[in-house]
Structures are given as structure tokens and as C-alpha cells.
Amino acid sequence: MANEILRIEGVRKGFGGLKAVDNCSLSVPERTIVGLIGPNGAGKSTLFDLISGFIKPDAGNIIFSGKEIVGLPAYRIAGMGLIRTFQIPRALMRMTVLENMMLGSQNQLGEMILAPIIRHGRVKAEERAIEKKAEDILKFFDLLRMRDEYAGSMSGGQKKMLEMARALMANPRLLLLDEPFAGVNPALSERLIEKIKLLRKSGLTIMIIEHAIPYVLALSDELYVLNKGAILASGQPDKVISDSRVFEAYLGVGSDAQP
Amino acid sequence: MLSLESITAGYTDENIITDLSLRVEEGEIVTVIGPNGCGKSTLMKSIFGLTRMRGGRILFLGQEITGLRPDQLVKRGLSYVPQEKNVFAALTVRENLEIGAIALKGGIDERISLVLELFPALADRMDQRAGTLSGGEQKMLAVGRAMIINPSMLLLDEPSAALSPKIMGQLFSEIQEINERGVTILMVEQNARRALAISDRGYVMEMGKNRLEGPARSLLDNPEVCRLYLGRK
Amino acid sequence: MNTMIGQLVANGVVYGCIIALAAIGLSLAYRIMNFANFAHGDFLTLGAYFTLFFAATSNLGFPLACVLAVLATAACAALLDIAIWKRMRSSGANRTAIMILSIGVSIAIRNALIIFFRPDALRFPVPVMESINLGGILLTYFQIAVVLIAFTCMLVVHSILSRTILGKSMRALADNPNLARITGINVDQVVRYTWMVSMGLAALAGIMLGLVTHLNPNMGWSIILPMFAAAILGGIGNAYGAMAGGMIIGLAQEISTAFLPAEYKIAVSFAIMIAVLFFRPRGLMGGT
Amino acid sequence: MQDYLVSIILTAGIYAIFALGLNLQWGYAGLLNFGHVAFMAIGAYTTVLLSMNEVPLILAVPAGMVLAGACGAFLGVATLRLREDYLAIVTIGFSEIVRFILLNWSSLTRGSFGLYGYPRPLEEMIPHEDYNLLLAGVVIVVLLLVYALLEILAKSPWGRVLKSVRDDEAVSVSLGKNAFSYKVQSLALGSAIAALAGSMLAFYLQYINPNNFQPIETFYAWIMVILGGSGSNRGTIAGAVLLWGFFSTTRFLEGYVSLSPSASGALRMVIIGLVLIALMMFRPQGLFGRKEELAVGK
């Protein structure tokens, strides 16, 4: 078995009386795409918030490349190479597409307050390199022609693509994509699938939440189904999706169908 | 009783619902199902004037209600239970019901006792803050709050969300009872099986559009439904 | 020593009552409108000057002039809501913009008062009274009246919030604005009444401040710090917390004069505010 | 006439520097500093008090900037984890506290009598009547330097992070940026710039007293920033020129209206208040700003 890059053990999170994530365990092997599906309110996005450190679990461990990351501030977790996107596209509306992209790059010397003044030359050179990289990635996502537009003027689908592109600027080791296909039109979605496959080939590990199941099936090496905050089923995508419990979960479980 | 004529609506610039039509006859229970993110909740919000409508019109009892404010709709006898955050957590159960009756003139006590007849479990909790109730009790309070104006039609957004199967069953039978008292019901539901079991007719939505329509009991037998949900053949 | 402390406590209660009344209005407005109104202090001033105006231009007598002033201030609040706040709400402006705007309102009101009443300190046309001695503690009748009226107002606010349909609507709106709208509450109307209650209380606090000290166009603005400190201490947005917070701030400021030069008593508010933010940012009683 | 022009250049220039500090905080990082004047006061008093004790200028001015920056950072640490209005409340309180301390710590500040008779740099070498002209030159050079510094920073990766924090803090954090630290940095730097403006104000006025540092001064800076378009350094400078232009024109017109000095001053302030209201209601992007880059958001 390949090395696992992320392991979640018995994670729980409640909001008031509601158990959003309930004793959830899963593992993500390196260089794979892991899909996460489940009906509305199953706790998928909450799970992403927990992994990326935006909220703290009530119990359980989260181990990213061998290190326990529960309790670390979210920016530190991102700095370790675990980058997430958001369900509702969060482009930085009042910055240009290129600025959005360049922000994604990690460990920039120029981000230290005085460096742009005292290390002017080096920062300039660093900026040129980052800009080049940003343009390459924008080209990969067919967004290059929009590089100087304000992100706020993009369509929802384009914002989604920009978000993914921006995340790639960070050279992530694990990329958490929250509904990357939402709002993206079908033709573009097909191309996006190809691009995500290329990313896996280049060695990236990806975890995807998606409700458009055909896309998840086309991409995932392994599929987890979350229902009411707990893992309902997992394994090979085709097998998982044929599991009658999954269809039942989507259509609504009767009391008898509860395991 | 309620008819949507090719409405198009969304929150910001993008349309979540496009060209959707739907009818509910008096006395019916109609359920709208569909996969995550197909626009079911947006549909409910659009009827209640909480989205930006960019096309089409909505008729209720023969009169156009497109673009009316929620308080005007409530006065016309249309009541809405949102999916979440549907009780005033910081207020007591009694206060929640009183707020629900704000559009009424007088007779509050009488209405409250009618709601308590429907949901007797709430009677012991009248002076408790709603936030301290269990999930099921909160849901009953939410429906009770909507019922207190004696509506002719009730809109329910995912009434079964986050309920245990047992409570869910109880809730659906209460919805049925409300319907038998003469209240027309339109609901959107995740739990298609349970909801359709008590419904007269159903609609299936996909990507902001109406895809299927039919009698509730036979709708799930349609192979299209499975495809729309899980994308398998 | 004991009488000195007793006197300071008495002064603190009087001052605390005024701060509490002001802070209740501030907190109510914060809770319902969801922004910190930096013009709140100037409504205190407005109330005091309205009183002066009514008392000087008519022979209604001082108490009636006070009542008229409170009503007039509430009317100004309603006008301002129609002219400004409602537009900002319906255009979806965010609260930072509205807060900056409230500064503009504050500057305009304060200076309009300077134009009409000159910048000098003024006094209400009421007789100067001898203090009465309660076991060594000296208090004027005005100070006693301030405490009585303030406590009455707190009771009235309590019963408005807990008994009346307006109060329940206000709490419902604060708790869950979307649901309030869906339920059929006329949100604009409730917001307008909230402004009127909040500004009416501010006017009353201003009158009291004028009674125990004097009037000047800066009087309300100058207590903005203890006012906000009281609101934050009680958990901003929490009306009951604001009452308690006002009392604590008033007492702390006055009692501090036993140990610190009196000039620094305002710094006590600031120190309390910073300490609360570090250790208990939601206030002692929890707020929004 | 020349004196008048020089005095306008001096005040507009000093206030432009002051407002540039605020623009860094509000325009770039979205922080509500309602007590900016406190940092100007700290700068002015620190520089003057040190100069009076024969500390050379080269140390006295930076000392004020460091102290102001540290105070700004402290207030940030206390409030920036909370909702944005807490910073506004605490800074406005801080500016009043600073003024009260200056008024009441008489042994150090001479209270309301203020400080005067302190040495001005190179005073003995320059004829008194030309001093202001020279100072105006210095102010313009400093203004250009501060402007250049802020432009470089705003367009640098550092400024980029700051703008991302203003737009959507969660995005910054998700990309590994320590948003909190950047907000504190911008508060500290903006406050230090205000202190620099304060030092220059002290040398221009030759007399400082706590009443130079009323809360209204903060809101002059706000109007300058918003008038010119939040987030634009050039706009801020234009805003400063416009505001002082307004002040001097109205002072000039005062001769023709029969209002007492206090009333005409107050009338000016009423107009200022109404301008602020009108800007926020009808043109939040300012006179020259672009709506797309509006710092106030939707």
C-alpha cells in the first residue's frame, strides 16, 4: 500500500445539539484522488474545515504526513502543504486574477514587511518567477486572457477554476477541493476532469467533495460516503456506488434500513 | 392554489433556478425532490420573496404574489418553515409562538392551544428557551410557529433534515394530519422515500430545472430518478 | 475613611446610572442594527439641549420639558432612520461603512448644537439645592432623582423586552433576522422603534448628566469611552449586561479616585475595557 | 501671501502624511482605526520631550515612531481577533486616554499649558522668516518618501497579502498567510507614520498642547482617505489638499458672513460631517476611487 499522506481518526465535531461529524475515520494514500460524497448536511464541508484547521474538533486525531495537526492554526497547516478550496467560490474580488494567483505562492521573501525595500532586487526577481509560474498555471486552466481583470468580474465557474489554480500556486502536497464542479458548465467540467487527472499524474494528492457524482466516479481512486457525520461506506468507487445503502442514504433512510 | 410560471431566480448575478414551473392544487401535499444543490431550497425562498426574481410570476389563490414581502404573504395565509435556524433560540417556546402570531389580530391564546393540540409535547416546554429543546422538538416548534396563523398553505424546506428516523416518522405523520385539517402543503425533501409516501404528487429537480413530474407513489420507480441522483444508468 | 468610601460609592451609583442608561440604548441599537453607533453620545447631548430649549421657550415647567425633549429626540431618531439608516440597510452597505457614517452624524449634530447654543457650558433653569446628609453621605435631590428615574427606566426596559410584542419582536430580530422576516415581522418598523427607544434612553441619560453636572455640546461625546466600556463589559448587545456594566464602570471610576488622581478616572474605564477584551471578550454576561 | 501659501503646504503636507498612515490601515487592510490622532500625539510629544532633553533629532523622531507603532500593535493584539468594530471602539478610547494623560501628567507635559520653546532642528543656521519655507520643503520631501515607501509596499507581495486580508481573511489563511500578524503589522506601521507626521507638526507649530490632538483630527484623516478613494495613496494626498483647500477657502469667506468665530467654525464642521455622510451614502469609493477596489466592500 502506498504511503498515506492524511489520516483521520475518530474525529467528532458538534454544533449545539447537532453532531456534524461523528466518529469519522479515513485515510488518504499519496498520489491518489479520494472522493467524498454524501447527502446534504452529511458533514462533508465540516470535515474539510476540520482538516484544514478552520475549526477545531471536539475529539479525534488528524495526522498529515506523519504529524499531528489538530490545534495548529490554519495558516500553519496550509504552510505545511495542505491547501483547501471553498464550496462557495472565494476569489479575492477586489484583486486582479494575477494578484490572486501570486498570493498563492508560499514562503515569499517579499511578504516580509521590509524586504520589498531592503532586498528590492531579490524581491523583484522572485516576483518575476512567481508571475511566470502564475501565467503557466493560468494557461493550464485557460484563464490567461483574464489575468488583469478583477476577480469580482468573473463568472461563478471561472472563480471556481481560479480558486483551484490559486491553490496550485502553493505547491500543495494535498489539495482539498470542495465541490470544484459547482457552477462550472458541463463542457468546462469535462476539461476540468482531464486537468485534475493530469495533476494526479504529476504526483499531487487530491481529496474531492462533490455532489455531481459522475465526476467523482470519473476521478476517484477511492470513494468515501459520508452520512449524518459518519462514514457509511468506502472503497472502490464502482462498488461503493452500487451499494444499496448509498442510494438509500440519498433517497432517505427508513428506520429499518439503519445498520 | 399555488402556481409558479416559468420563474428564474438567484441570489446574486447568477441564476440558481431557470424557467421552472410548478402547480399545487388545493388540499394536496406536493413534494419536490432532487440531488444536492439542484436549487430546491432556492425554490422555496423564491416563493417567499427571499431571492432576486429575474423572470416569471407566482400566483397564490389566483392573485399574483411575485415580489411581495414576507409579512404580506403571511397575511395572505402562506407560511414558511425554513430548513435550519427555524426557531428563535433565545426566546421561550411561548414567545416563539407569539412572534409567529404577530400578523394576527387577537385570539392568540386560542391559536396557541390549537398548536399544542397538534404538538402536545410542546405544552410542557412553554417557558423553556427554544435553544434548549431537542432537535425534534425544535422542528415541531418551527412547524407549530408556522401553523399559528392558520395558514391555507404551508411551505416546508427539508422538514426531516437532521432528525432521527423515529422522530422523522412522527413528523411526517403530523404533516399528514395538518394536511387532513385542510392545509395545502408544498415541501422539498432530501428524504424522498418518506416524503413521497405521504404526498399526492412529486417533482424532481436537477440543476435548477424541473426534470420529472408525476404521482408520488410511482415517481421513485422511474429509472430516471436514480440516474438524476447518482448518475448511474 | 468609611464615609469617604461611602460618598464615592454613592457618587459612583449616580454616575453609573447615567452610564447604564446610555449603554442600554447603545447595546440595544448594536443588537438590532448590528453596528456600533458612534453618534450615540451626541443624542445624549441632543436630549439635554432639547430640554433646555423647551424649558426656556415655554412655561411648561422643567419635568414636562424633559418629557418633551425625550419625545423630540426619539422623533429625530425616527427621521434619521428614514433619511439615512434605512437607505443604508436596503442598499446592503456593510457595517463598517455604516459605522463611518455614524461618525459623520456625530460631527454634524455636535457642531449644529454649537451653532445654536454656543460652545459654552450652560445650566438647566432649575434651582440650586442644598445637599441632604444621609449618614454622612451628601447627595442632592437631583442625584437621588437620577437614581430613582434610572432604576425605573431599567424596569421599564425590562418589561418592554419581556412583556410587549415590540420587545419580543426586537429580541426575535436580534436572535434571527431572517426568521423574523419570514415570520411576518415588519423589520423596518421594529428597527425604527428600536432607534426611538434607544435614542429616547440616550436623551434621558443626557438630561440626567446635565442635571448633575452642566451642559455643553461635547458632553455626550466626552463619555463615549465609559459608555462603550460599559457595553463591552456587559457583553455588547446585551441590554441587561449594559445595565450591570454601567454600574460597574460608574463605581470603578468614582472609587478609583480614592487611590488615583481624579483626572485619571476615565482611564479606569479604558483599563477595564482592555482587560475584558483580553480575558473575556464576550463580556461578563455574554453578548452577540 | 507667500506665508499663507507656505502654511497651507505645510498643513496639507503634514496631514497628507498622517492620512497616508490611515490609508495603509483602512484602505489596504480594512482596519477601522478611529483613534489615529493618538499616534500623532505620541509622535509629537515624544520627539519634543526628547529634543528638550537634548536627544538628537535622528533619535528623537524614530523614538516617537517606535513608541506609536508599539501602541498600535498592542491595541491590535487586544482587539483584532474580535469583530472589526472592537478596534474602532478601543482606538477611539485610546485617543481620548492619550489626550487625558497629556493633559494631566503635568510634571512631564505641562498639561494644558502645552510645550513650547523647544529647539527646532538647524534653527540657529536659518533665518527665522525663511524657516517655514525650508520646513515646507522638508515636509514635501518626507511626504514623497512616505508615498514612495507605501507605493512600493502596496505593490509588493506584502501589500498583496494585506489586500487579501481585507478582501477575505479566510482565503489568506487558507493560503498559509498569518492574517493576524499582517493586520498588526499594518497597524504598527500606519501608527508610526502618524507619529512622523506628529513630529513635523510639532516643529511647524512650535507649540503643542493636548488640544491639538482632539478626536476630530482622526476624522479629518478619514475624510481625506475616503474623499480620495480608500486604498489609493495618491487619492489620499489629493484628499488632503482638497480638505485643506476647503478649510482655507471657508476661512477666507468668513469675513463676509456675520457669524461668531465659534459658530463659523462649527458650521464648517457641520459641513464636514455632512460630507462624510454623503460620501458613505452615495460615493463610498470616493471622488477618484474605482468601485471595483472599494475598501468598504459590497
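A, B, C and D label the chains in the order they appear, each numbered from 1.
Heads up, the rule we're going with is that a residue touches a chain if its C-beta (ideal position, glycine included) is under 8 Å from a C-beta of that chain, and two chains touch if they have at least 3 such contacts.
Note that the coordinates shown come from a computational prediction; the quantities given were computed from them, not determined experimentally.
Ranking all chains by how far their C-alpha centres lie from the centre of chain C, first place goes to A. The largest tally of C-beta contacts between two chains is found for C-D. With centres defined as mean CA coordinates, chain C is found 49 Å away from chain A. Averaging C-alpha coordinates per chain places the centre of chain A 42 Å away from that of chain D.
Taking the mean of the C-alpha atoms as each chain's centre, chain B and chain D sit 55 Å apart. Taking each chain's centre as the mean of its C-alpha atoms, chain A lies 33 Å from chain B. In chain C, no residue reaches two or more other chains under the touch definition.
The touch graph of the protein chains shown is a ring with every node of degree two. Every pair of chains meeting the touch criterion is listed here: A-B, A-D, B-C, C-D.
Contact residues on chain C toward chain D in their complex (touch as defined above): 35-36, 38, 84, 87-88, 92-101, 103-112, 114-115, 118-119, 221-222, 224-225, 228-229, 232, 261, 263-264, 266-267, 269-270, 273-274, 277-278, 281. Touching chain B in their complex are the following residues of chain A: 16-18, 39-41, 155-156, 179, 182-183, 211-214, 217, 228, 241-242, 246-248, 250-255, 258.
For chain D in complex with chain C, the touching residues are 30, 32, 34, 78-79, 81-82, 84-86, 88-90, 92-94, 96-97, 100-101, 103-104, 215-216, 219, 222, 226, 260, 262-263, 265-270, 272-277, 279-281, 284, 296-298.
Contact residues of chain A toward chain D in the complex are 52, 54, 73-76, 78-79, 83-86, 90, 92-95, 99, 102-104, 106, 108-113, 115-117, 120, 123, 126-127, 150, 152-153, 166-167, 170. Note for the complex: chain C touches chain B at residues 165, 168-169, 171-172, 174-176, 178-186.
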